[in-house]
Amino acid sequence: MTAILVLNGPNLNLLGTRQPEIYGTTTLADIRAMVEAHGSRLGFTIEFEQSNHEGVMVDLLHAARGRVAGVVLNAGAYTHSSVALRDAISSTELPVVEVHLSNIHAREAFRHVSHIAPVALGQIAGFGPTSYTLALDALAAHLGRERG
Amino acid sequence: MTAILVLNGPNLNLLGTRQPEIYGTTTLADIRAMVEAHGSRLGFTIEFEQSNHEGVMVDLLHAARGRVAGVVLNAGAYTHSSVALRDAISSTELPVVEVHLSNIHAREAFRHVSHIAPVALGQIAGFGPTSYTLALDALAAHLGRERG
Amino acid sequence: MTAILVLNGPNLNLLGTRQPEIYGTTTLADIRAMVEAHGSRLGFTIEFEQSNHEGVMVDLLHAARGRVAGVVLNAGAYTHSSVALRDAISSTELPVVEVHLSNIHAREAFRHVSHIAPVALGQIAGFGPTSYTLALDALAAHLGRERG
Amino acid sequence: MTAILVLNGPNLNLLGTRQPEIYGTTTLADIRAMVEAHGSRLGFTIEFEQSNHEGVMVDLLHAARGRVAGVVLNAGAYTHSSVALRDAISSTELPVVEVHLSNIHAREAFRHVSHIAPVALGQIAGFGPTSYTLALDALAAHLGRERG
Amino acid sequence: MTAILVLNGPNLNLLGTRQPEIYGTTTLADIRAMVEAHGSRLGFTIEFEQSNHEGVMVDLLHAARGRVAGVVLNAGAYTHSSVALRDAISSTELPVVEVHLSNIHAREAFRHVSHIAPVALGQIAGFGPTSYTLALDALAAHLGRERG
Amino acid sequence: MTAILVLNGPNLNLLGTRQPEIYGTTTLADIRAMVEAHGSRLGFTIEFEQSNHEGVMVDLLHAARGRVAGVVLNAGAYTHSSVALRDAISSTELPVVEVHLSNIHAREAFRHVSHIAPVALGQIAGFGPTSYTLALDALAAHLGRERG
Amino acid sequence: MTAILVLNGPNLNLLGTRQPEIYGTTTLADIRAMVEAHGSRLGFTIEFEQSNHEGVMVDLLHAARGRVAGVVLNAGAYTHSSVALRDAISSTELPVVEVHLSNIHAREAFRHVSHIAPVALGQIAGFGPTSYTLALDALAAHLGRERG
Amino acid sequence: MTAILVLNGPNLNLLGTRQPEIYGTTTLADIRAMVEAHGSRLGFTIEFEQSNHEGVMVDLLHAARGRVAGVVLNAGAYTHSSVALRDAISSTELPVVEVHLSNIHAREAFRHVSHIAPVALGQIAGFGPTSYTLALDALAAHLGRERG
Amino acid sequence: MTAILVLNGPNLNLLGTRQPEIYGTTTLADIRAMVEAHGSRLGFTIEFEQSNHEGVMVDLLHAARGRVAGVVLNAGAYTHSSVALRDAISSTELPVVEVHLSNIHAREAFRHVSHIAPVALGQIAGFGPTSYTLALDALAAHLGRERG
Amino acid sequence: MTAILVLNGPNLNLLGTRQPEIYGTTTLADIRAMVEAHGSRLGFTIEFEQSNHEGVMVDLLHAARGRVAGVVLNAGAYTHSSVALRDAISSTELPVVEVHLSNIHAREAFRHVSHIAPVALGQIAGFGPTSYTLALDALAAHLGRERG
Amino acid sequence: MTAILVLNGPNLNLLGTRQPEIYGTTTLADIRAMVEAHGSRLGFTIEFEQSNHEGVMVDLLHAARGRVAGVVLNAGAYTHSSVALRDAISSTELPVVEVHLSNIHAREAFRHVSHIAPVALGQIAGFGPTSYTLALDALAAHLGRERG
Amino acid sequence: MTAILVLNGPNLNLLGTRQPEIYGTTTLADIRAMVEAHGSRLGFTIEFEQSNHEGVMVDLLHAARGRVAGVVLNAGAYTHSSVALRDAISSTELPVVEVHLSNIHAREAFRHVSHIAPVALGQIAGFGPTSYTLALDALAAHLGRERG
């Protein structure tokens, strides 16, 4: 079994707990369940984390080094403001797939810029919770290619 | 069976035909085969097209209206220069998943801007040919949600 | 009788064929009929063209040289991206009235910039199909002044 | 009979009084006559005003509320500097057609930006005095559609 | 004999056919003759093409791959708007000399930016038809160095 | 015989004296020899100068006025920072061909801007020492046209 | 009793007179009554003015010098365009509290810039008519501190 | 009684402890006392918090959801750098009044931009500790209007 | 005798009436006296005006046409915001010398931009009241050259 | 003995633990040893800290106030994103020497901007671990001057 | 007698020696004569210098320190590119009047920026050789005020 | 013994000769003495140069090639304007430590940009004359590492 860190940034803990008629009723726990189920089909064990703290997210990436084969990262708002996360990815050399629930390129201009993207394998944005399972598939393909 | 248009833009016809030690040997024909195989698993018939002509790509999107359920679009260089493609997507109201073989956010600054993204469902970039099969999965999930 | 080229750019062929409750039901064929009727009142024969291809639009402007007295140009998305159309107008020295159905100055910022305007006689934007008949009137006045 | 306010901004009072070999000899009085004649053909009574004062122009728009059916506005230099006129249009909710004698998009870069355009029905620029009569036609069409 | 593609972009077909007192009377056919004569002195056979279509120009570059030793490219207006041509040059790995009849650096600011230049061998601009024969000489020297 | 000033700017004196495996072994003396040989074929006597001083370069252009028929100018770093050289060219009204050994448009962004280009006949960049001989040919053609 | 000038800029006279279902029915007269009532509780006599004229607003600030203890200024659209009002505040050295009914920082980008703010005591924006009574309280505290 | 969170950002804990001749001697404890006194007059119980940690501030906003009726937020330096706080406000849908002790619009340019303002009810800046009590009044009025 | 209009813009009426220890005690009346004395030495009669109203300043320039030989214009804050004054100068074709008491180029960045300068004869800034008498001398020289 | 805080920001804990052939094998522990040794020669006791948390770094600076004589700060990625650290330095009035292992001015453009530098004594960048000992020397000189 | 340095920058030595029908026939020697004559009326001895070398101009300013009472500086092209001249003025603390023959604010945008102006007493631009004599008058007034 | 060039740019010759109460009384001769003393402790012989001429500074760098082991460069104002110095450093491949007496990052924005930094080993700014001795230490460490 291969370990994958699925790391969620600020405010994602509130997902699905308000205005279900607008944002849907999928909670982060629901996403976790989906991700764990999909992961297990791919032979992945999932470490699923969420933090509102930039520093904690950096710590979690550091702690994952040498222990997980890849990272699915939804950095939330820190996508657009955190150079520290960018450098954590470079420093740990972990393969990271950047995900977003919404299509950040269709929102406010400041959300079009990602500090994560230039050091990630790639970006998947706009598909809701499906973004996460696609990211697992992308990691599986990437790790397969590396091994293959 | 549901029809999906997979539309490829300029220069993608040359894929895999030069410097295999650098860019790999996957050709567009190989991607087509992968896409058709993956599509058939999802119940999709694939219309696979490539053109170096912005106008032809607009025409193909128009022609797809009412006939396909979704589009996987790798607009290549037109991603960054074509307002016409953007408006074709808006006008046809087709659900479009934007894909890129490379991580455009890790390349030259002018490739960070996509005219397609604001009118697409979402964007998948950086996973090589796998970007296409992820896009099919994303479309499948999207169409399922619409029907669901 | 004086010939006038009325040249329409990308996606305008789809006009009126979808979401009539939002965009109205006026099609490009309806506009053509309005333009031909109004033109005949002004002593104009109308050559009415539409293309999704930038290059075809350039070709049509070239072909019009020496044969038409003026051009009504709705370049659609190419308004904002095509230097080639701008240079085609300069090169053919045809008097061109730029038209837009919508008020481009009230839309996204990238639609405020027109490559056509600096080489056109003037711009008429925001009056729906009426923009076209106003443009014919503007051409009639311009040609009258030239002759007068 | 429907009343229309034709409001002219700074320096337009000097029109036609100097360098006739360059700018022509059409004065603002001539334009008034043209506009009144064309207006009467359309069933419009014309209130023709000119002021060099931004505040007076705002006052005139306020005073027009509820009394005129539409406005033809050549805001002259205030086009490019007056947020107050923009807000006056929004506040009075009068349908406004923005006109310019010259093609402002072919002049200095600071004249390409209009504070008026985003709150106007549309813009007509570059046709000399004809811009005004075209604007009356545009208003007639607009008012007809509203009633129609 | 070595084949060279001389590829001309939009509006260059109109060269010399209007206002000879201003732009001179040299037509594109004249340039072709000059280029063929100069080419034959250098041992080059010349494939001389012109198109107003960005896509056709991309196609012509693709078709030249493996058949010509170098390209003289006057991309005209597409110099400033076409990422597709840039990528076609990168993709085909053809040595390209960018030429311009006029000194683009002395014209409007938007003509100072070339999408072609960063992937070309070099740029020759401002010498009228002589730009083309200089480009042939530059290619000859480049090809000589490669062989030498 | 016609005199031509070939003026070289800062740091060009070091050419070819270091890292021959990277930059080649062509020295400025070698370029001088090439230029003099090519010049004599064209009927040009060459005044070949190099200075690291902006002021000396301005002085040399002034001194050339009335004595040389044209200038080949490789202003090196001053290309990007010197308004004084630009004004010296305007003031002396000498026909100047701007040359660069490297393709400045493919290097750092600050090297894309040339203060020289807007007042030069044209620019030749990217062909190594060949840039100089092409520049002589361009001057010969220009002077021939002037006389012709 | 201490006199306070409450100065209102362009278009604020129209407040509450249209679309009550959207903007509410509070008129400027209502605000005046609220302000006078609140002022009298604080020991302030209120001079309540409105003008659509930038120059009149400057005149009113000049006239207030030496006669009022402070100013509540809702400069409306002139907030974003008037350097003259800024300089009038600096020149008169009156303590000014800038107020806005709406949250200007949540509206169009051009409304985020205030020429008034850098020379005001502070800014209160977004609380509807309450912004005015808060401003009186802020002035009372400021004047108290000055005296205290 | 209605609970209000008064949340203070980085470095505000140091208030009043240095250079009293410049910054005054008001400490954050003094502000707390003022706020609690003023709050109790308005029927508010105050939860007064300070943190130098962006993540803790996000946590505190989350924890306040459903428990407080409104928030007074002095985000200090995070005003200008934190997208996470912005999103926390949007996500919790808490009514937030942004306050600043100093007039941020009269300081360095980077302090003119607030990530908080676009999602806050409004902004009060420049009145020292009084900014806080004004914010409580603003919240009281807002909550009254909501209930009213 | 030759008439000269000396036109002063907003807030200049307050000159010298406050903080004499900082700004000096020279009032606008003092400047008027200096200007009249200096003017009479040059054979100029002076029309000395001041207004806080942009529109009045435009009116005064219009009224001066044909009656004065030149204008000394200290547009104050309108220097940086008024396109209307710029166009009034162009429209009246009056020779205008722009003056400023302070060195506007050493103040805030927004004061470095003058809408007046591009249409004025020249600019004199930074010499206090002496700027005015220098401007009269400049006009005298200009008018002498014109006559000479 | 004088206490000095040496504060290290995010990701610096990973130093030297990967790719020794590229980044060398110096760890943060090695730097600590160097700094302590060098500090003891200067009569400094060293408090050596590292944190990935912006808030913790602010807390550490606060806690150092009154206890240390100066700070050596390598803020890592927070150099470029943290206004909070900047304000912590201003608020504590500690003399801070900014250090960087790499030459940040030779890296990506976003690393050229330091929020720390404007409130630091000075900056030392580019000398690897030596940057730290140079910073101690700089602090020693600064403290000597203060005492001297 | 008071000494004044009149320092002229690059290319001004060529003044009046070409195209007299356009630029006039006034040479720098003529300006020197005018300046010396006007200076002697004011009690000034004139040191009149010209150099095309930035470094020489810095040297001349240094050498003037303590020997001249003021400087009239026409820095020519170095106005727009030389920080060294700016710092030389700051370092020598000489009162400098910046002059320009032409109205630099009506020319190319890069000529609107002066590195000299922020450290000069003021700027006089646009009056041809008269700019110099006005500058002497400005210096006389400035020196008189200093003494007065 | 190892030779080191310490090269000082424009205006540094004036150091310490004016306003000692502000800038201190340290002259460039004092710095030279400090540098020579510190250098001799490190086994360095110092070549200490100053010039106000950009070209002379380039010449001195060229002349140092092959003769000195490193350079301490305080380019003064040329730091911000000279591409020639940048290229001289690249061309000579000398290890250069950039120094500044003041903290350039805390001064005007145009002083934040250094043309030298991207090609230097590193930058030391803000420590007065101590910057120079720190630079020698940095060079010693660098040269030791190279040898070590």
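As written, the chains take the letters A, B, C, D, E, F, G, H, I, J, K and L, and residue 1 is the first residue of each chain.
By our rule, contacts are C-beta pairs under 8 Å (C-beta built on N, C-alpha and C of every residue); 3 or more make two chains touch, one makes a residue touch a chain.
None of these values were measured; they are calculated from a predicted model.
J.: Return the chains shared as contacts by subunit B and subunit L, ordered by label.
T.: For subunit B paired with subunit L, there are no chains in contact with each.
J.: Could you name all chains that are in contact with subunit B and with subunit H at the same time?
T.: A
J.: Assuming a repeat means more than half of the contact pairs shared by residue number, which candidate in E-F, G-H or D-G repeats F-K?
T.: Match found for F-K within E-F, G-H or D-G: D-G.
J.: To bring subunit E onto subunit I by a C-alpha fit, how many degrees must it turn, rounded to the nearest 5?
T.: Rounded to the nearest 5 degrees, it is 120.
J.: Between D-G and E-F, flag the pair that has more C-beta pairs in contact.
T.: Of the two interfaces, D-G and E-F, more C-beta pairs touch across E-F.
J.: When subunit F meets its copy subunit K, do both sides use mostly the same residue numbers (more than half shared) or mostly different ones?
T.: Result for this pair: different.
J.: How many angstrom between the C-alpha centroids of subunit J and subunit D?
T.: 63
J.: Distance between subunit K and subunit L based on Cα centroids, please, to the nearest Å.
T.: From the centre of subunit K to the centre of subunit L is 32 Å.
J.: Centroid of subunit C to centroid of subunit I, CA atoms only: how many Å?
T.: Comparing mean C-alpha positions, subunit I is 47 Å from subunit C.
J.: Enumerate the residues of subunit H that touch no fewer than two other chains.
T.: Within subunit H, residues 53-56, 81 contact more than one other chain.
J.: All pairs of touching chains, please: list them by chain label.
T.: Here the touching pairs of chains are A-B, A-H, A-J, B-C, B-E, C-D, C-E, D-G, D-I, E-F, F-K, F-L, G-H, G-I, H-J, I-K, J-L, K-L.
J.: Using the touch rule from the top, collect the residues of subunit K that touch subunit L in their complex.
T.: 53-56, 58-59, 62, 65, 81-84, 86-88, 91-93
J.: Which residues of subunit D touch subunit I once you look at their complex with the stated criterion?
T.: Touch residues, subunit D against subunit I: 9-11, 13-14, 18-19, 51-56, 76-78, 80-81, 110.
J.: Which residues, counting only subunit H, touch subunit G once they are in their complex?
T.: The touching residues are 103, 105-106, 112-114, 117-128, 130-131, 133-134, 137-138, 141-142, 145.
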